[in-house]
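Two complexes follow with chain A in common, the first pairing it with chain B and the second with chain C.
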Partner chain A sequence: MSRLTALVLSAAGLGAVYAAPYVLPSFVISLITLVFISGLVAMSINLLAGEAGLVSIGHAGIAAAASYGIAWATLNGMGVGSRVLLALGLALVVSAVFGLTTMYTRGIVYLMISLALGMVAYGLALRLSGLTGGQNGLTGIVRPDFVDLWWQFYFFTAAIFVLALLAIWVMRRSPFGLTLRAVRDSETRAASLGYSVAATKFIATMLSGLLAGIAGVLAVWNSEFISPAAASFARSAMAVVMVILGGTGTLFGPLAGAAVVVGAEHWLSSYVERWPTLLGLAFIAVVIFMPKGLIGQLPRRLRPETDRPQKPAESIEPEATTHTSA
Partner chain B sequence: MQKTGYAANNVPRTEVPTQGKELMLKRNNRPIRGFTLSLLLAVVALVAAACGTPGDDGAATTATTSAAAPDTTAAATPDTTTGGTETTEPATDSTAAAGDGTVTVGFISPTTGFVAALGTDMQRGWEMYWEQNGDTAGGVTVETVFEDDAGDPEIALTKARRLVEEEQVDIVAGPILANTAYAVAEYVAGQGIPTLHITAADDLTQREADPHVLRVGYTSSQTNFPAGQWAFEQDHQTAVTLCPDYAFGWESCGGFVSAFTESGGEVVEQIWHPLGTQDFSTYVTQIQSTAPDVVFIGSAGGSDAIQLFQAWSDFGMAGTIPMIGNCCFADQVFLREVGAEAMGAVKSFTYWVEGRDSEEVQAFVSAYEDAHGEIPSLYAAGSYMMARVVAEALATTGGQVNGSEFIDAARGVSLDNSLYGPLEFDDYNNVVGPVYVTDIVEREDGTLWAVVDETFEDVSQFWNKSPEEYMENPVFTRDYQGN
Partner chain C sequence: MSANFILVQVMNGLSFGALLFLLASGFTLVFGLMRIVNLAHGALYLAGGYVGIVTVAATGSFFLALLAGAVAAAGIGVITERFLLRRVRGNELPEVLLTVGIAFVIGDLALAIFGGNPQSLQAPELLSGALSFASFGYPRYRLFMIVLALAIGLGLYVVQRKTRIGAIMRAGVDDREMTGMMGINVDRVFAGMFLFGSALAGLAGVAAAGQLTMRPGADTDILLFALVVVIVGGLGSVEGAAVGSILIGLIDSFARVWIPELSYFAVFAPMALVLVLRPQGLFGMPE
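Right, the complex of A and B next:
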């Protein structure tokens, strides 16, 4: 894709995002808001899965930590700034636990530890009923005034999403992004070049956790309610499904995946009773026929430049194919 | 991750040729792949459409949904074109446009996901009421838009938003799980729209009661206060409780424990098991070694209840230590699985008894059996009751639905006989009605069902306390069981 097309497309995209609330009904806008929020969680998983080769199926736990943080802080009458700080701080603490326990692992071990930690987060949300309200969850959480109205919240979420997208884009082009890919492609080689593999993974987990935390805050502001379902395995798994649907390691993949999954769960389910079957079949179809995902499989000239495999990684492209379908 | 190893192994050898082949294959295959993909999707769509719904549920769903769809765009645009006004002023009561003679009810239940069975029963119960009694009440036609929440609060909330913003429903009824119910009730009530529930979560009509929220059912603890008192009256001095370790279990056990200890009994041990426990044998041996006079089970039913009872009878405990269950332990799903062993081994304290000697109940059971081939569950009966209360309240208001005024009318509904028996509502919008002590017996045709052994009349969610006094205490949790 040439620079000009890229510019034109991004301008068109931003224009569409800006114009949406003027032309679409509020319910559709609330769905799009949800797509952005789910997209952020998927993006945080994609950051680890695509760049560092670490697939986490416990990320809902991190997002939920931030959600409970903001819920608790709101109900205890803290100011907006300190609420957000507390929530993100909590998400970072949980991410640190994820990072410290997993930084020496990869592959299936990483997967299992992330699953276990996610389940711990779920268990805590369920059991610490004094703080979390247990299964009943916490009600009475209201959004701060500046995002009180649905369209304000939509613009806010969209802005955060675009910023996150830019941040990921910058990160991928930074030396740190290169280091991450080096670690992903060969830990031994990265280590022999003098990089600390564990530290790199830890930092990546923290960055990813921060993103998930931001998504967690937005999720609570969206639903004004939080319950252990937010930390459930189903949530984590759905986020991974979004990543794979959209295309692991692509910039816009998580958004595309989130659109499909949220569309099925929240919209299609109103019209088709067997929507889980359809979603499952769509997932299988994508994995078989489009192993690089909806975005990853786009024709080259339509694919955003950054989503193309980087030059040094070109040699492993066939492997990337096998990897995603495995 | 896996890639790392794979790449490292393969890079030196076959890198270039593989890539070439891969590209060629891809280029050659693309049109075919595209074709196969669309073919596959078409097949999938056909299959989904064909096996859409067993029976007429689905047809009804789609019919009502599409029927109500046309006016959504028109109604939604005025607010959105300005891009700057909020759709609905929160907390101002909405007034239904009863002028066109229809009241639309948004019915949210989980028809997919891990509690799909409950959601399906709920839909059936709801539909059965309107089929039997006609869909007009108070001079207006009642239309229902069904939505599936998959047992997930976030989806439930989206559905509630869709119902309110797109379908402009006048009443919302439904979500069964505590978290879905709270999420929906908070949003819907905040929009000034009345909402009816059968979910058991205590606080919905206690510490978080709202003038727009009515429960046509009993709280988790409500049926178990009589259980505690009754157990002590049967000369049981000591008890062990076994409940699932989450809000419903805490509240169910809380009801029993608080009333049992208040009567003078002693709860020697409270065992909490995780939801979805496969093996209950350790818990059974624990109970065996404690040897209490009575054991109380506060279960949400399903596989947990079945596994528990099977372990209980495998250890030869059935019929030795008396077992008391809550509303949902020994239900029809349980009886179909456990069979005759349950007879005489367990007594339940509940409000829906399928074998109760009442014309109303038996008419419902036989109609439901004719239609769906099984005895209706508590969820089917509860939804039927919700529909009945909606109809009675509409009759009172003359078809008007004005936010909390409608709930006031619904709260004023007092039935001499209903599926639950004589029924009233308290000031906190919860049922005051009978709690039945049941036995499991065989029906003439050999089917197992529950029949009434004893009745506690007019049981309130606050048991023997005043609401204020009751609600000074926190809601029941693992740590607070009323003592």
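Right, the complex of A and C next:
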């Protein structure tokens, strides 16, 4: 895809996002809002999975920490600014726990630990009922005035999403992005070049956690409600499905995956009672039949330049020949 | 705090540790040989538990229930291994994610079939009530759990150390390719191991159903404990699973009475500590 086409497509995409509330019914817009929020969580997982090779299956725990933070702060009458600060701070604290406990691991061990941490977050949400409201959760969390109306909230969410997309795009081209990929491809090589593997992974986890935290704030503002289910294994796993379905390591994959999963849940759950079974089967089917994901399967010339497949982790090709396209 | 109280807590910890060992040993064996983290292990436990409950209700035989639970879980395991996992063999991540999908399907189908109410099975006469030594009485069923885990652990040890199958298993853990070169059908060994690990999960489910309850969410709850045990003990090590199970069982038992609000956290703290100080786990080999 040439630079010009990419520019035209981006402009068209932005135009569509801008025009949507004027032409689509409001329930479709709120569904799209949900896609953006889910897409942000998927993006935060994709940041780790694609760039660092670390698949987290506990990220709902981080997002939920922010959600509970904002819910608690709202109910205790804090100002908007301090609410958001508290929420993101909480998400970062939880991310730091994720980061510190996983920075010496990789692959499936990383996945296992993130899963265990996510479950602990769920357990805490359920059991610290004095703060979290236990099983019932916290209700009546109103949005701040500036995003009170549905279309205001849509534009706000869309803007955040586009900013996050840009931030990731920039990060992937930054020296830090290269360091991450170096660590992913060979920890030994990165370490012998003088990079601290553990610190790199820790920072990546914090960045990813910040993104998940932002999504957590938006999620509460969207539903005006939070319960332990937000931190559940199912929620984390669903976000991972979005990432793989869309295409791990691609820029637009998380959005594509979120659109399909959120859409499917919305349309199918009214016909099919057993949504988790369906989700599980979808998981299996995607892993077996579409390991590269929707974006990853597009013919090469249709793919955005940033979404060309990266070098596989075990490849022994010299570094210089592989990133010519990036 | 009386000596009696401490003794009861220690025994409670050991009996819960026994259950954890039944689960974690299968989990860790499968990982050691196949490098598969089977996240459907908790779901197999749940499936085994429900099958056990149904069997006891139908036949009244607890022994038959143990057998049926193990066979049912083994059956699900075989199907999973033969038809799904083989398609992505050798790709660690897809393998794990596949088992997540299976866990969802089993958990949701169990909810559809058995409903949301907690269920448990009626322990046989022989294992009901308490056994007393002098002034100290303790539930027979919990003692049975400890004996069962000891028997399985001892059996595993003997098989691993003293038999040809055990030698093949250990060889497979050390070097899969070389084991294949020696003319051993590694695929069949894998299938056998997955079957065995699944059967252990099913057995654990039936045993647990006599003491805890089977309900939606019990699968992920117990999976968390199994994960913590193998992370602490070291992935792939049966000794690690044994030590980890006892440790976590004891910590959980004491935390429940001393700091009930934070007991959930107490189990997780040793895991975090191990990860920071010894990331490969107490008995794990560094990668």
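Here is the rule we go by: the second predicted complex is superposed on the first by the 288 of 326 C-alpha atoms of A that agree within 3 Å, B and C clash if a C-alpha of one lies under 4 Å from a C-alpha of the other, contacts with A are read in each partner's own complex, and residues count from 1 in each chain.
Rule of thumb we're sticking to: contacts are C-beta pairs under 8 Å (C-beta built on N, C-alpha and C of every residue); 3 or more make two chains touch, one makes a residue touch a chain.
The model shown is predicted, which means the values in this text are computed figures rather than measured ones.
**Q** May I ask you to name which of chain B and chain C touches more residues of chain A?
**A** Looking at chain B versus chain C, the one contacting more residues of chain A is B.
**Q** Go through the superposed model and pick first if A:276 touches only chain B, second if only chain C, both, or neither.
**A** both
**Q** Taking the superposition on A as described, I'd like to know which of chain B and chain C A:244 touches: first, second, both or neither.
**A** Second partner only, chain C.
**Q** Touch check for A:135: first (chain B), second (chain C), both, or neither?
**A** Once the two structures are laid over each other on A, A:135 reaches chain B alone.
**Q** Contact-wise, after the overlay, does A:199 reach chain B, chain C, both or neither (first, second, both, neither)?
**A** A:199: touches no partner chain.
**Q** For A:186 in the superposed arrangement: first (chain B), second (chain C), both or neither?
**A** In the superposition, A:186 touches chain B alone.
**Q** Which partner does A:287 reach: the first (chain B), the second (chain C), both, or neither?
**A** Second partner only, chain C.
**Q** Let me test your reading of the model: by the given contact rule, A:102 touches which partner, first (chain B), second (chain C), both or neither?
**A** In the superposition, A:102 touches chain C alone.
**Q** For A:120 in the superposed arrangement: first (chain B), second (chain C), both or neither?
**A** second
**Q** Of the two partner chains, chain B (first) and chain C (second), which one does A:166 touch, if any: first, second, both, or neither?
**A** Neither chain B nor chain C is touched by A:166.
**Q** From the superposed pair, tell me which chain A residues show up as contacts to chain B and also as contacts to chain C.
**A** In chain A, positions 55, 107-108, 111, 127, 234, 274-277, 281-282 sit in both the chain B and chain C interfaces.
**Q** In their complex, what parts of chain A are in touch with chain C?
**A** Answer in residue numbers: 55, 57, 97, 100-102, 104-105, 107-109, 111-113, 115-117, 119-120, 123-124, 127-128, 233-234, 237, 240, 244, 274-277, 279-284, 287-288, 291.
**Q** Within their complex, state which residues of chain A touch chain B.
**A** 21-27, 29-31, 34, 53-55, 106-108, 110-111, 126-127, 129-130, 134-137, 139-140, 149-151, 184-188, 219, 223-225, 227-230, 234, 265-266, 269-278, 281-282, 285, 289-290, 315-323, 326
**Q** Spell out the part of chain B that touches chain A in their complex, as residue ranges.
**A** On the chain B side, the touching residues are 1-8, 10-11, 15, 18-19, 22, 33, 36-37, 40-41, 44, 48, 51-53, 58, 61-62, 65, 72-73, 76-77, 79-81, 83-84, 86-87, 111-113, 147-148, 150, 152-155, 157-159, 161-162, 165-166, 178-179, 182-183, 186-187, 201, 203, 208, 245-248, 250, 477-479.
**Q** Spell out the residues on chain C that touch chain A in their complex, using ranges where they run on.
**A** Going by the criterion above, the answer is residues 35, 37, 39, 84, 87-88, 91-94, 96-98, 100-105, 107-109, 112, 220, 223-224, 227-228, 230-231, 235, 261, 264-265, 268, 271-272, 275-276, 279.
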